[in-house]
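Here is the structure we will look at.
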Amino acid sequence: MIISTKHGTPQIEITKMVESFQSMGLRVSVITGTDYTVMGLVGDTTHLDEKRIRANPYVDKVQRVSEPYKLANRLFHQEDSIVSVRGIPVGGKEKLVVIGGPCSVEGKEQIINLAREVKEAGGHMLRGGAYKPRTSPYAFQGLGTEGILDMVEARRVTGLPIVSELMSADKIDEFEECVDLVQIGARNMQNFQLLKAVGRMTKPILLKRGLANTIEEWIMSAEYIMSAGNPNVIFCERGIRTFEKYTRNTLDLSVVPILKLKSHLPVIIDPSHATGDWRYVESMSLAAIAAGADGLIIEVHDHPESAWSDGAQSVRPDRFRTIIEKGRTIAQVIGRDM
Amino acid sequence: MIISTKHGTPQIEITKMVESFQSMGLRVSVITGTDYTVMGLVGDTTHLDEKRIRANPYVDKVQRVSEPYKLANRLFHQEDSIVSVRGIPVGGKEKLVVIGGPCSVEGKEQIINLAREVKEAGGHMLRGGAYKPRTSPYAFQGLGTEGILDMVEARRVTGLPIVSELMSADKIDEFEECVDLVQIGARNMQNFQLLKAVGRMTKPILLKRGLANTIEEWIMSAEYIMSAGNPNVIFCERGIRTFEKYTRNTLDLSVVPILKLKSHLPVIIDPSHATGDWRYVESMSLAAIAAGADGLIIEVHDHPESAWSDGAQSVRPDRFRTIIEKGRTIAQVIGRDM
Amino acid sequence: MIISTKHGTPQIEITKMVESFQSMGLRVSVITGTDYTVMGLVGDTTHLDEKRIRANPYVDKVQRVSEPYKLANRLFHQEDSIVSVRGIPVGGKEKLVVIGGPCSVEGKEQIINLAREVKEAGGHMLRGGAYKPRTSPYAFQGLGTEGILDMVEARRVTGLPIVSELMSADKIDEFEECVDLVQIGARNMQNFQLLKAVGRMTKPILLKRGLANTIEEWIMSAEYIMSAGNPNVIFCERGIRTFEKYTRNTLDLSVVPILKLKSHLPVIIDPSHATGDWRYVESMSLAAIAAGADGLIIEVHDHPESAWSDGAQSVRPDRFRTIIEKGRTIAQVIGRDM
Amino acid sequence: MIISTKHGTPQIEITKMVESFQSMGLRVSVITGTDYTVMGLVGDTTHLDEKRIRANPYVDKVQRVSEPYKLANRLFHQEDSIVSVRGIPVGGKEKLVVIGGPCSVEGKEQIINLAREVKEAGGHMLRGGAYKPRTSPYAFQGLGTEGILDMVEARRVTGLPIVSELMSADKIDEFEECVDLVQIGARNMQNFQLLKAVGRMTKPILLKRGLANTIEEWIMSAEYIMSAGNPNVIFCERGIRTFEKYTRNTLDLSVVPILKLKSHLPVIIDPSHATGDWRYVESMSLAAIAAGADGLIIEVHDHPESAWSDGAQSVRPDRFRTIIEKGRTIAQVIGRDM
């Protein structure tokens, strides 16, 4: 960590700071300029709080040289982490996974039929929301436990592992028992109490990126889960909020090479929520694969026009199959399979 | 609600849509253009889900004419709501309230001393964080229950009502018993399960704006709380994320006249978190008052340079007093007191 | 265009508005609700000014149903436009074009050497900046005319068409004479006087997207060029400003399917400026091709560490060759060549 | 400037960098950590190009300690600059200036009438657009030279100095001769050729902030003008683009204390373009004054509903008078006059 002081800082204040850092076991080198002084801290600064240092009125700027995350950091874990979801490996050089299914579970028959179609089209897991984060309290909030049980039934019939969003800690037992991959939604990416809670689960976590969060903040949220004891985190990019109006959000595919560089955890892409429009899902899926993603999560619906939520971004099963077929050829070009 | 269809939509599809809306008790007027058809829905459309309508492949655009909120909407509640916090009225033409205190409670002695200074300087309530939302799992997470009890003791000594942030539903009993104004932080503005839970509390709620949320989304979060039974919501603007680097966030003071127009609920301003720099707190406080805010929440610390969190944005008690004194004269210019 | 009025608008005001629109040759349908009235305008509304309509104090909302662009609109020009750059066709089902070269021309020898390497690696055109938009007046501003003449010499030696950025109208004669594809930079995307000026040129225009502009605004800037007489516009996405700090900008690949849907003009991708980091250029290039882009523009430098500008985002010629080779296989998967 | 290198950088590369900086006359101090090396540069680094340093593959991070601007920097010019506009002083402890007038000049009679009303209400200067930056090529583009001459006539009649926007260098002679305060619009804030050109004018420049630009970039644009020879720059905040939909832009009033700290130049506020809605103009004007701004620029129109552009954000002359009257009392509270 590098700290620079303001013009005119008295020597005594600098000495106080240096001694304070040394007392934390850090080595401090000091550069004295004409207008300012710079302190370079050497040692483990992960636990130092930048804001607290900035509170010193003589401090001008604070810059981390090391990243603030450890467990999720590739620097300390060179090989790719492979996360197993009910036996399906995700990450590394493994086959890309494709997760398909409706935004919301709408009933047992619907989800079983869709599960069958997802499987026949070549999908590997089934998604379906039972607890839905909705901007309006008057909108459909999901079927709750009933929806989870419908998903379990669909898994029994098809064998597909199931993925669903957890919105509050009081449902953790239900998810621990029933769900194979526990999704933390974009709006909860910095719900730190929930992150700590799922950090105590044994099931892998699908961590969506917040709508206006940086990649560093996202990795820090993975660090929350990992530091609570759960090493099995998969990142999921689902678009960020920008000024663009033709799409619901803006898909940021550069997260793929960046996460691969900074972290050892897998990353999958959600082109459905990112674009909010089924017409852009195929091209963004192929782009995600070419960029090196470890998988896709795509909304699939038999009758998008009558879906209970987010039908506009759902593709029909036949298009889902096409995406997988085209995607596989692209995956092979870059040395993966799907 | 106004719905326009795509070029080339068959008449039968339009008929189907019209009948579907009519079956929900809405009146539908149809405008037939050369390139498109427009349907105007007349009636209560609050419960209609825009996304579900957009899912129809023949639909091009959907626009609400009425706002999607009812309980928080000034249209249906013309007079200002006055929210009482342990007997102190907030909103309407009441005196502006000033809330002061540290970012984090650091111990009983500290918070009692600060409470005294806040009171002597002219402050009306005491803030202090016991549960802290921190980006890093390695940063100080707050004193927890101990911090809440220290606040309670500070209230006993000074009589100041206390304000603190609630981060998870499992602490609701503690807050219901001890805290006078329950803060929902920016990162939890769309933690819908938590909103529903505090909607069942009897204490008033201080609802901070999310870092990248629109005012409409913010009011919808108030609607969540109100529709669960708690009408006592105070909005708190604390800055939004922008590209600016000289401040931590960008304070959006235009929320004041907008919320006054759209809603009947009070609004207060947090210049400390918004700017992240104590040097800008005074001018932004005065600006907030001139804009018509119902109060301020300001971080105050005796020794900002050694605060356990956010010292850089804390003012010392003497400056806090100055802000209140200057602020009062501005409040009087626009017909309020403080 | 659909116009809704505020609650309580007198009938006489509505009549005035209707008559005013009718006098412009538009047909007006009126829907009268309990709380508001809606007017649907049928006819050519391209020339109507939304802001002017909003100025009417009785108007609540104005929504365009038709897009505000005509010449760039696929609705009125179904087939793909193919733009020829010194004989090389760009767009439609043509081969993808790859443009390579340094950020800045640094001298005749440098640019000729790089041009040779770009050509040998499989590139089709040469880029090089002679007039550089720099945030600081103290930074290198480009070689100016000398740089353009160096580019001309590189074209003479290699046969590669040349691409360079025009920053002001006083250099139009120079560019008309020397440059094959005239770039309008991101910061000038809404420099409307310059857009009009290049609309009178005979050379094709490479129109970069502004750092915080929507796709609609971008197409409107193409419309400026086209309406001044120049139909040969190629869009170039180069990343938008977001909160992310690990990249210079955020590459928005969803522009590819959107522009293909909304417009008939070609679109190419600049992964170098978008990411600002050569380590992410290859994956983003392959993703762009998979998404359906018509080409790439990539910064190439022999010695990035001593480049006069933007070395951090430049790839070396051998990596440029690799990108083209891998990219070609992906292009073929989606039915194109490169 | 502080430069940190990547993990594993060979000593020889560090030596090369150190020697390179020393050869530029800078003093270099080196801190050697376990994982990285830090170089602190002491001396004038204004002319150093950060991006060029980052291009070195061994460099990890580059951080400026000194600001990249000199002429606009308060560090080197402690006293406030007072900019004179046709004899009216702006900045320092001078009276606040209020500029009023229509978005667009619509004719001689209109502008003369409005100038009279602006003057009678207490305004000090007249604004009016003759060259209009419009997103659509089909929208009204301004009266051009005729509009400027109408403004000149309004000045002759009322004595009010005139303010108008310059969009291209080819009109500089016209503006030099006729206009008292030359506005550079938000979309041209980084039109560097235009900045250089107005830097050679003798008239003061009103520099609007770009829609998505940081304050540092804005000051750098002032630096462009100043370094070309024109020291008379006034900053004008007009709102930045955010996700908010209830306002056209988001007014950032924190620029006032920040610019006062970082620079010695005056700053005025444009609440009309910032909010895009006349209903929010009064409260934002009062807030701007309380924040310490040196003046206001407000759109005033006799008949907003029939204005040729931007009527929705224009106030009528009587409200303009009210704003000045209330504003004066607030100015006096903070020790200024208006």
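Letters A, B, C and D mark the chains in the order given here, with residues in each chain numbered from 1 onward.
In the analysis below, contacts are C-beta pairs under 8 Å (C-beta built on N, C-alpha and C of every residue); 3 or more make two chains touch, one makes a residue touch a chain.
Owing to the predicted nature of the structure, the values given are computational and were not obtained by experimental measurement.
Quick check: more C-beta contact pairs at A-D or at C-D?
C-D
If we define chain centres by averaging CA atoms, which chain lands farthest from chain A? Would you check?
The most remote chain is D.
When the centre of a chain is set as the mean of its C-alpha atoms, what distance in Å lies between chain A and chain C?
Chain A and chain C have C-alpha centres separated by 31 Å.
Rounded to the nearest whole Å, what is the centre-to-centre distance of chain A and chain D, using the mean of the C-alpha atoms as each centre?
Computed from C-alpha means, the inter-chain centre distance equals 39 Å.
Based only on mean CA positions, could you tell me how far chain C sits from chain D in angstrom?
One centre to the other, that is 27 Å.
On chain A, where are the residues touching two or more other chains?
Answer for chain A, listing residues that touch two or more other chains: 212, 241, 243.
Taking the complex as given, what residues does chain B use to touch chain C?
Touching chain C from chain B are residues 2, 4, 7, 27, 29, 31-36, 38, 40, 42-43, 60-61, 63, 65-66, 75, 241, 243.
Tell me, which parts of chain A touch chain C in their complex?
Listed in rising order, the residues are 212-216, 240, 242-247, 250-254, 256-258, 261-262, 274-275, 279-280, 283-284, 286-292, 326, 329-330, 333-334.
Along chain A, where are the residues that touch chain B in the complex?
Those residues of chain A that touch chain B are 46-47, 49, 51-52, 54-57, 68, 133-140, 167-170, 187-188, 190-194, 196, 211-212, 217, 220, 223-224, 227-228, 241, 304-312, 314.
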